[in-house]
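Two complexes, one shared chain (chain A), two partners (chain B, chain C).
Moving on to the complex of A and B:
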């Protein structure tokens, strides 16, 4: 799977127009420096050989050196990883805090005011562009009200309060988008769980309504929720490019975008490979969780 | 069967459901009683309102969709008028319920033991360990092999028959005064069905539980019931003792149902299978019930001018006297009780 991704990534980048060496050198350079850089970067080799050299090194954790800055790609990525992890986890937390109560409430009272309100809100959340929401947030909370800094990132270890202040807005903006998607899922899976025969059994046993809801409805609705949350998390981990740029958040999405603009192949390849790896990992975790949550899968 | 105050007394039960195609009158003025230790079978085809009529008693129909009116006295307390919390207390110890499909009626992600324990602890404040011991006992009582192990199993690890035993154990876990079995054996194969029926009868004899057995299987009815209530179009069209209704059916619909039973003795004598008799047509849509007798559009008799216009009351079948008391009365709601020569409506009745 990962090998397939690596081939596709490699091939796609070969098709990107533009000469990375020319871009790296700027506007004025001699043929000698051009040839020297071409040779040093290995771009004069046949494509197939480039691939095997690259993928062989990638296996050992060496993703090459950035054309632009000359730094090792692995180091560049590792440097960005904490920021992305922080934002993704915070956003998914926001998303779940919105989605679970809202989705459950609307499923419990279908077609009620709450349900309609939730539908409208989540439609807005899905359709409003996140960069626009980000800009509005900055204008209101950083500009007019001046409550929060407009962007940037400081590590938690250095300045916990500053870390939190800078995290709030991007986390909410990305969380609202993911949360809107998840709300729809929660609503439909709770609605489905509610209609199941065993919920009626639980009621017929005389269980208190809260117990029926928690152990018989929500416990079963949890299974599809885990899947969709996993997909959203993987998406967030591969960097929410636009939000990262709006909030000057030094994450992986930003790194990848800069790499594209600079035709910085090694960085771009490394980043995409990492996204694929993250996706696989999250799916693996989801599968493991699933077998923990659903005894029907665990025993197979 | 002595005539004492009945355990359950349902009076003039109406259930209306809001559907996309309009209001459906699913149950229309149903009245019946169940005594302690008595088994009443409710029969009728799909869509006749059998299940809805019992789900309505326990408030298990979706709120906001169903409107339930009438009275349903359980030991003198009206189930339909009581506050939700009191009704919750009665679900379990008052009325235990077994549902049709054992494959879907248990929570797939909780162990059998947990599902039993939570039912017990919802009504009696006992430590988990005590409830668990009781759960093991119950599973043994309903004939689950190796109850100590079975208690930690998940539903998908058990067969359909075993799951239905678990359902019965759950229904019985709070020693209900009344057990309602809603098509409890329909999804099971015949041998398992016989075992389940046996089990319920034994438990009934031990505990004196009243039983409402909902089914469309007349063979089951003959085997277990004291009295039979035949439902059609949300109404009771005939009720009486199992002998009266099965041997001397008065309503054309009951006669049609009984006539639709294949007779294997005849088949063997002829060397081939006879055509199956059917009741032609389909039950009326509950959104659009006919005026007059609910059965008349499908009725082969239609001997009375009132059939199409006037709804027949549930009246005592001729040859019956009111003196028998409610548990022996034989009643039918039809204008055509005497026509068509029902088998055996002759001398012995008089």
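Moving on to the complex of A and C:
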């Protein structure tokens, strides 16, 4: 799997029509710069050898150098990684804060007003373009109301309050979309858990409703929730790309887009590879967590 | 990486798959005139499906909105009061008024006209891109699900690899290689959504291929092509149809996102995503430039999603919980 992913990422640069180094350098450059870059990128070698050199280096954390700045790609990525991870984690937190109460409430009272409202809300959340919501948020909360800054990023260590202020809007915008998807899953898995025999037994033997809910229902509904949250966390990284642009959030998405605009293919390759790695990693963690949480799976 | 709708490659357990639509699976009231449905499967009947869909008010409204958008897109130039690029420097950044219902942008262009003309771009990209993913993905899913074994392993591994990349990022990378522009954006979006069609088709085929009617057709000597085209595909179709509607929503969103990032439609052509990014700089001065195109995207995407939900209720009731929503 990992090999396949690395081949796809590697192939990116091979499919570029023309000479990627020449394209990246533009019109004015000296032959020496060109030769040096070509040699460093290894693009003058046969394809197979290129792949092995590239993947071998990638394994040791060397993703080549930027065509633009000459900086190591790994350093550029590491510089951006914390901002993206912060946003992704904050967003998934927002998503769960929306999804768990809303999904549970609507499952407890199916077809009620709350349920219908939640369904409508989640449908809206799935359909709304996140970048547009971001712009509207900026208009309302940064412009008209003036409560929050319209974008940017300050490290937590320098200015915790400023960090939080700038995190709120992008986290909500990214989280609402995932939250809407998760709400539907929470609703259906709580509904399913509610219909199970052991829940009926618990109710029949007269346990308080609260205890039935927390001990018998939510515990069982937790399993699908872990899966879908993991999948959403991975997808969320995709949404982050656009939201980062709207809020001038200096993360990996912004780096990837800048790399595209500057035809800086090694940086793009690095960013894409990292996103794919995170996706695979998240899925692996979900699988492991799943068997930890559900002893039935571990025993099989 | 397994989702409730898909047991993942390598595991072929047809019994746990959602069963195909047979006569007995139809919702009560749907009516079934072929009671002896053991050998002859019930195909989704169009008139019946549409009738059921029409009884769902939300889906009906969504279908009407989509239809309305298509009409707007077809009539674009007759409907738009002004050309998309009629610049009127004297009327820059005008707020909405009877003359300009959605106001004017920084070059004095009528936002209402541009929103109308943008409908054609969004719908065209959506339809072509989804056609690409539908044809390629369904074919891959059919082959993987029907033949199983190494065909399944190879094809689905390939799909998993494509699936490992975030959709927007994969589309951005493809556009980065092919170069920005509407055609390349369409191709990129088409490629990105191939795996989801392959998965949905595969898991649906797994449920169908061991059915009595397929085995019966095989035993009387039907060729593989005939089996697939006449018996497997028609009966595996409902989830694919639902996925098509939902994917149209994602494709429209993706086009808007890519154009917003400056990789899709190029200026001065009107596209909702591009208008949003142009209006972004003026958001505090002239909110209408960005807000109306965004509303248009939202409305179209919402309608495709609601239509997908309605279709799912009618065509594929068992998948309602398993597949609900999967935005990528």
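In this text, the second predicted complex is superposed on the first by the 279 of 300 C-alpha atoms of A that agree within 3 Å, B and C clash if a C-alpha of one lies under 4 Å from a C-alpha of the other, contacts with A are read in each partner's own complex, and residues count from 1 in each chain.
Following the convention adopted for this analysis, contacts are C-beta pairs under 8 Å (C-beta built on N, C-alpha and C of every residue); 3 or more make two chains touch, one makes a residue touch a chain.
Everything numeric here is computed off the predicted structure, so don't read it as measured data.
Undergrad: Could you check whether chain B and chain C clash or fit when both are placed on chain A?
TA: Chain B and chain C fit side by side in the superposed model.
Undergrad: Examine A:207 and indicate which partner it touches, taking first as chain B and second as chain C; both and neither are also allowed.
TA: In the superposition, A:207 contacts chain B only.
Undergrad: With the two complexes superposed on chain A, say which partner A:188 touches: chain B (first), chain C (second), both, or neither.
TA: After superposition on chain A, A:188 lies in contact with chain C alone.
Undergrad: Could you say whether A:198 touches chain B, chain C, both of them, or neither, answering first, second, both or neither?
TA: Touch status of A:198: first partner only.
Undergrad: Once chain A of both complexes is superposed, is A:293 in touch with chain B (first), chain C (second), both, or neither?
TA: Touch partner of A:293: chain B, not chain C.
Undergrad: After the superposition on chain A, what is the angle at the C-alpha centre of chain A formed with the C-alpha centres of chain B and chain C, rounded to the nearest 10 degrees?
TA: Rounded to the nearest ten degrees, it is 70.
Undergrad: After lining up the shared chain so the two structures overlap, which partner does A:85 touch, if you call chain B first and chain C second: first, second, both or neither?
TA: In the superposition, A:85 contacts neither chain B nor chain C.
Undergrad: Does chain B (first) or chain C (second) touch A:129, or do both, or does neither?
TA: So A:129 only meets chain C here.
Undergrad: Which chain, chain B or chain C, ends up touching more residues of chain A in the combined arrangement?
TA: The larger set of chain A residues in touch belongs to C.
Undergrad: Of the two partner chains, chain B (first) and chain C (second), which one does A:220 touch, if any: first, second, both, or neither?
TA: Once the two structures are laid over each other on A, A:220 reaches chain B alone.
Undergrad: Least CA distance chain B-chain C after superposition, rounded to whole Å?
TA: Between chain B and chain C, the minimum C-alpha distance equals 8 Å.
Undergrad: For a test of understanding, state which residues of chain A touch chain C in their complex under the given definition.
TA: The contact residues of chain A facing chain C are 1, 4-5, 8, 12, 15-17, 122-124, 126-129, 131-132, 135-136, 138-139, 143, 177, 180-181, 184-185, 188, 191-192, 224, 227, 231, 234-235, 237-239, 241-242, 245-246, 253, 256-257, 259-261, 263, 265, 268, 271-272, 275-276, 279-280, 283, 287.
Undergrad: For the complex, which residues does chain A have touching chain B?
TA: It is residues 196-198, 200-209, 211, 215-216, 219-220, 223, 293-296, 299 of chain A that touch chain B.
Undergrad: Report the residues of chain C in contact with chain A in the complex, numbered from low to high.
TA: Those in contact with chain A are residues 1, 3-4, 157-158, 160-162, 164-170, 172-173, 175-177, 179, 249, 253, 256-257, 260-263, 276, 279-280, 283-284, 287, 290-291, 294, 297-298, 301-302, 305-306, 309, 321, 324-328.
Undergrad: Quick one: which bits of chain B touch chain A in the complex? Just the residue numbers, please.
TA: Listed in rising order, the residues are 55, 58, 60, 88-93, 96-97, 99, 101, 104-111, 115, 118-119, 122-123, 154, 156-157, 167, 170-171, 173-174.
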